[in-house]
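The following blocks contain the structures, represented as structure tokens.
Two complexes come next, and they have one chain in common, chain A, joined by chain B in the first and chain C in the second.
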Partner chain A sequence: MKLCVLCNTNRAQLKRPKTGQQICKTCFYAVFEYEIHCTITENKLFKRGDKVAIAASGGKDSTVLAHTMKLLNDRYDYGLDLCLLSIDEGIKGYRDDSLETVKRNQLQYNLPLLVLSYEELYGWSMDKIVAQIGTKNNCTFCGVFRRQALDRGAARLGVDHIVTGHNADDVAETVLMNRKLLVLFQKFTLTHFPLVFRGDFARLTRCTSITTQTLETSATTAPEHLTIPRSKPFKYTYEKEIVLYAYFLSLDYFSTECTYSVEAYRGYARVFLKDLEKVRASAIMDVIHSGEAYAQSLDEIERVEAENGGKKKKKTVVQKQGTCERCGYISSNKLCKACVLLESLNKGLPAVSLE
Partner chain B sequence: MNIELQFSGGMELLFDGQRSIKVVLPSNVTTMRDLIAHTKDHYLKERPELFVQGDSVRPGILVLINDADWELEGELEYELAEKDVIVFISTLHGG
Partner chain C sequence: MPLCAKCVRDGNSDRASVIATRGSEYCADCFKVDMFGRFTKAYTTKESLLPRGEPVCVAWSGGLSSSLLVHYMNSFLNKNFKQNVSPRFSAVYVCVVDYSCLLSEEKQQIVNQEIEAMQSIAEGYNFNFKRIPLESAFTNENGDLDSTLVADLTSPEILQLKFESYSTSKTSTATPISRTLDLFASFKSTPAANPTTAVTLLNTLTTRLLRRAASTYNCTTLMTGSNASTIAAQIVTQTALGGGFNLPNEISLEYKVPNTDIVTFRPIRDLLFGEVEKLVELDEIAQFPGVAGMAEGLFGGVVGSVGTEGASVAKMTIQDLAASFVKGLQKDFPQSVSTVTRTAFKVQTGANAPGLDVCLLCSNPIQPNSQNWRASHTTSRLDDIPDIIKNEDGTVVEAPKKASEVPATGAADLLLCYACQHVGRDVKVKEKLVLPGGDWFLGAKKDCFVGNGCCDSGVSD
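For the complex of A and B:
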């Protein structure tokens, strides 16, 4: 029997992916919870009295997030007013089942719950959208609608902050899908990293920073247009530990992949990351740190360019951030992405392409 | 040899929704490596590429042997014993 390296008493039951340490269940719970507490306090994610909505899908990450936020708020007396916010995309057999899980969580953790549906917000459920446009671009619709729906739900609840269950593996995956980062990796030292994925920069900045508040163009955003800040308390928490934590504690979560997801299970970048981890245990943290450094260096380049007269200033930086003239949501164009999509749906057109 | 297989975190969807199967192993199945191949050939109902990769499980699937991470137990080389409980947990399902 292998003993836990932390307490030297109990049987070791898992190998931590982050450190390689062999630890027992009791010590695992303690370090898992304490590290998330540290992420929250070191990054000053909240202040006493904040009303915080936990984006709850019923899946493993948000279920463990709800459990942990509740536990830490009680244990360390953060003084937060917590609630659950769920988005009902209107997908029979998927979301209706996972919402049942969220409703059980609501009772288990004694937290108020708001469920907002696409139907209610946009007049279209995903089932209806798919009936009209098929399953090719449906994830685009779903993604745009979900982001706004969370903001609208948060506004309705009057919260100061939204937390999401994005974990270290999710963040690293997003970094790996960034094409500019790939170029940078190839140009400089880390050429041994065979990055083969594509993605966009805005998403990288959004995903590597622990808290995001505005959309891509923050420079000229008026304060009244700021979106509600969103944070990822699990940014440095590995998926393996989240899943084992849920498993050992028998937390109640829902685990079916979305019926309409083109790619069953996770995409190629995710699988690649797992392969990489096999040969290089620190891969996930390496990738996250590279993403952070890269996002920082881009900020620096933009700053220097702006100081030098801003000849090469990107269009997006000078663009004035306004609001959608139809729905009032933050948008740099006349209509926000959701309204553009809705317009095409309401006209009965097939999906427009959104870049 | 009698053992129990358990599936969790979405893994059960590849096994007809079964969360637990009691299994009597033939004598040539003695290690985890053998068991993964045996499980794929005899119990897996669909999409083997989501369960196995090479002679192991697909990366992102967690394996527990008697409630302990198989990384502590020798992974593929682990010698199965009577009444072992082997759990396969998918981490690749949406969160």
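For the complex of A and C:
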């Protein structure tokens, strides 16, 4: 019998993906949960009394997030007021079922839940959008709409902070497909990510930093009070470990892929990352480590380029950082991305390019 | 057939294009002039660190890029000569690091012949030719066995370690070759990351040998033939190995190596591999596939495509994966390499700030506060998890961490950069791994030597 290398008492039951150590379930829970606790405390993500919304999709990442946030809040007495926030994109057969999961989670974890629908927010459900534009660009809509929907939902709930289920794999993937560094990888990665909140192609800084405050515009120019800080307690948590954790604890999550993601393919960067992980377990952490070294500089490059570009086209300089004319959402242009997309939808036009 | 764009503009409309690159068509002459112009332009940057009129060391791997570089150096210095200007460099040392000791006899013969041919080319240009055996990493200036490649021994703690490693090497019957063979043999088995570590180490030793050669021959410039395609692969590799901090130094046009007088110079880093290939063909530059491919297949080396399923991927090195990743990308998007490099060239990480500690293995700067990064995001011992104490008023505090004698980070980790820490970490049979620099590279406690049983050294399963 092989003993767990951590406690030297129990039988080893798994090879820990992040370290390759042979460990028992009890020790796995302990290190898994403690690492997330460290991420939260070392980065001072919250303060006592904060109202924190957990972006809940019913998928594995957000289900494990709800579970661990609740658990750590109790165990370490963070003093947080937790709630679940779910977005209903309006995808029959997919979202119906995953929302059922979220509703069960609400009861299991005894947390208040707010569900906001695209229909309610934008007048268009994803099913309706697909009926109009086909399945080709629908991920663009999904990502832009969801990003705003979370902010609006959070504002409605009066929360101080949103936490999302972005995990280490997501963060590392963003380093590799960063639009500035490896610009073209993005073309491979415009895929559908409905289960986790990763459709928003954030800038590298936003993704490698744990807390992001601004969403639509560059971090340096956006007025901070307009958006609600978001963070990723799973920044250093491997996707494989989230799956194992949910599996061992029999957490109730929804695992069917989004109906519209069938034709989408996984990005080169993701495949490459998985290959790296096969060669060296710590590769995901190593990529994040590199990404943290680049982040500040890439943000600066982007800012300088935006300024230089702005000098050439004076019009964009006149339009100051502000809010969307139509809906009041934070935006550096006259209309926010969601309103631009809505306009094209309402006019019956094919999707416009956002980049 | 497309015509040369420049010649058409100049009225020589009959000259056929030999290559389409950078959005234009070029005839052979215009292409050669343009490319050579890019090489000479590299000498004219503002605030250049390059010394003038001093000896230069040119690293020749036998590959197309560095062969072109040697060829360019000859044209460049001849031009100086013809134009009657003082030569940019007072002497040229062409250096080939020879991995023969790792090769089969059959391969050794091929390498031997090719290196002789390389020598006569270099000497034909009036350059000095130096063949540097890999195993000389383990020799000191007298040629004696020396298991310390440590450049800067100022800290008392390191001096202590150095002394100990000396005392062990004195009693051994090892030779430089046996040391080298043992070192690389210790990477032949599992885990899957070993081939990657071996290739990393081979590259590190090669760089160190070249830098040492440069110092030995009083060269203040060390030139390499990195091109845009190899640099793109380098960007992905460095990122994947966790060495992002030092990336700017690995790809910049000029890099002043810390604690030395050497400036690394990469004058053809903007040339695309396709352009290098074309120049080699047009100028009929001799090729040395045996020397260029010395390391191929030694470690990992199952080169497949990205996304290759199953076991074959695990046998690949991260360097292989990165190269094929970039290759696939380049095939689908020919512009991608320049896009990637153009941005990466602008990235600053603070790695050229003065006064940074340098890594004992690769001698590149160590990112401040990075030594405990890994341990602080990965809990690998229960002792690191503090107990929770419930106060009477219901509040909860964490007990002080159980005072652990041994930090999660090995002593040697503190002396190595993040990327080099893999070397000690990835190898299972630690007593077999002797690095230039001594046993204490292995992440063990400094007073722990193999056999004491106080650290996780030894028996593999």
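What we mean here is this: the second predicted complex is superposed on the first by the 295 of 355 C-alpha atoms of A that agree within 3 Å, B and C clash if a C-alpha of one lies under 4 Å from a C-alpha of the other, contacts with A are read in each partner's own complex, and residues count from 1 in each chain.
The rule is short, and it goes like this: contacts are C-beta pairs under 8 Å (C-beta built on N, C-alpha and C of every residue); 3 or more make two chains touch, one makes a residue touch a chain.
Please read all numbers here as calculations on a predicted model, not as lab measurements.
Visitor: On the superposed three-chain arrangement, identify whether chain B or chain C touches more chain A residues.
Guide: Between chain B and chain C, the winner on chain A residue contacts is C.
Visitor: Once the shared chain is lined up, is A:Asn167 touching chain B (first), chain C (second), both, or neither of them?
Guide: After superposing on A, A:Asn167 lies in contact with chain B but is clear of chain C.
Visitor: Quick one: is A:Asp275 in contact with chain B, with chain C, with both, or with neither? Answer first, second, both or neither.
Guide: Touch status of A:Asp275: both partners.
Visitor: Should A:Ala293 be classified as contacting the first partner (chain B), the second (chain C), both, or neither?
Guide: second
Visitor: Between chain B (first) and chain C (second), which, if any, makes contact with A:Glu239: first, second, both or neither?
Guide: A:Glu239 sits against chain B, while chain C stays out of touch.
Visitor: With both complexes superposed on chain A, which partner does A:Ser255 reach: first (chain B), second (chain C), both or neither?
Guide: First partner only, chain B.
Visitor: Name the contact category of A:Ser57: first (chain B only), second (chain C only), both, or neither.
Guide: Touch status of A:Ser57: first partner only.
Visitor: For A:Glu89 in the superposed arrangement: first (chain B), second (chain C), both or neither?
Guide: Neither partner.
Visitor: Pick one for A:Asp127: touches chain B only (first), chain C only (second), both, or neither.
Guide: Once the two structures are laid over each other on A, A:Asp127 reaches no partner at all.
Visitor: Chain A residues touched by both chain B and chain C?
Guide: 271, 275, 278
Visitor: For the complex, give me every residue of chain C touching chain A.
Guide: 191-193, 196, 235-236, 238-245, 247, 306-308, 313-314, 316-318, 321, 325, 328-329, 333, 335-336, 339-340, 343-344, 346-349, 367, 370, 373-374, 376-382, 384-385, 388, 394-396, 398, 418-419, 422, 426
Visitor: In their complex, what parts of chain A are in touch with chain B?
Guide: Touching chain B: residues 2, 11-15, 22, 57, 59-62, 165, 167, 170, 239-240, 242-244, 247, 255-258, 261, 264-266, 270-271, 274-275, 277-278 of chain A.
Visitor: For chain B, which residues count as touching chain A in their complex?
Guide: Per the touch definition, chain B meets chain A at residues 8-10, 13, 47, 50, 58-60, 62, 64, 67-69, 71-72, 87, 89-95.
Visitor: List the residues on chain A that touch chain C in their complex, please.
Guide: Touch list, chain A to chain C: 6-7, 18-21, 27, 30-31, 34-35, 38-39, 42, 75-77, 175-176, 180-185, 187, 236, 268, 271-272, 275-276, 278-283, 285-287, 289-294, 297-298, 300-301.
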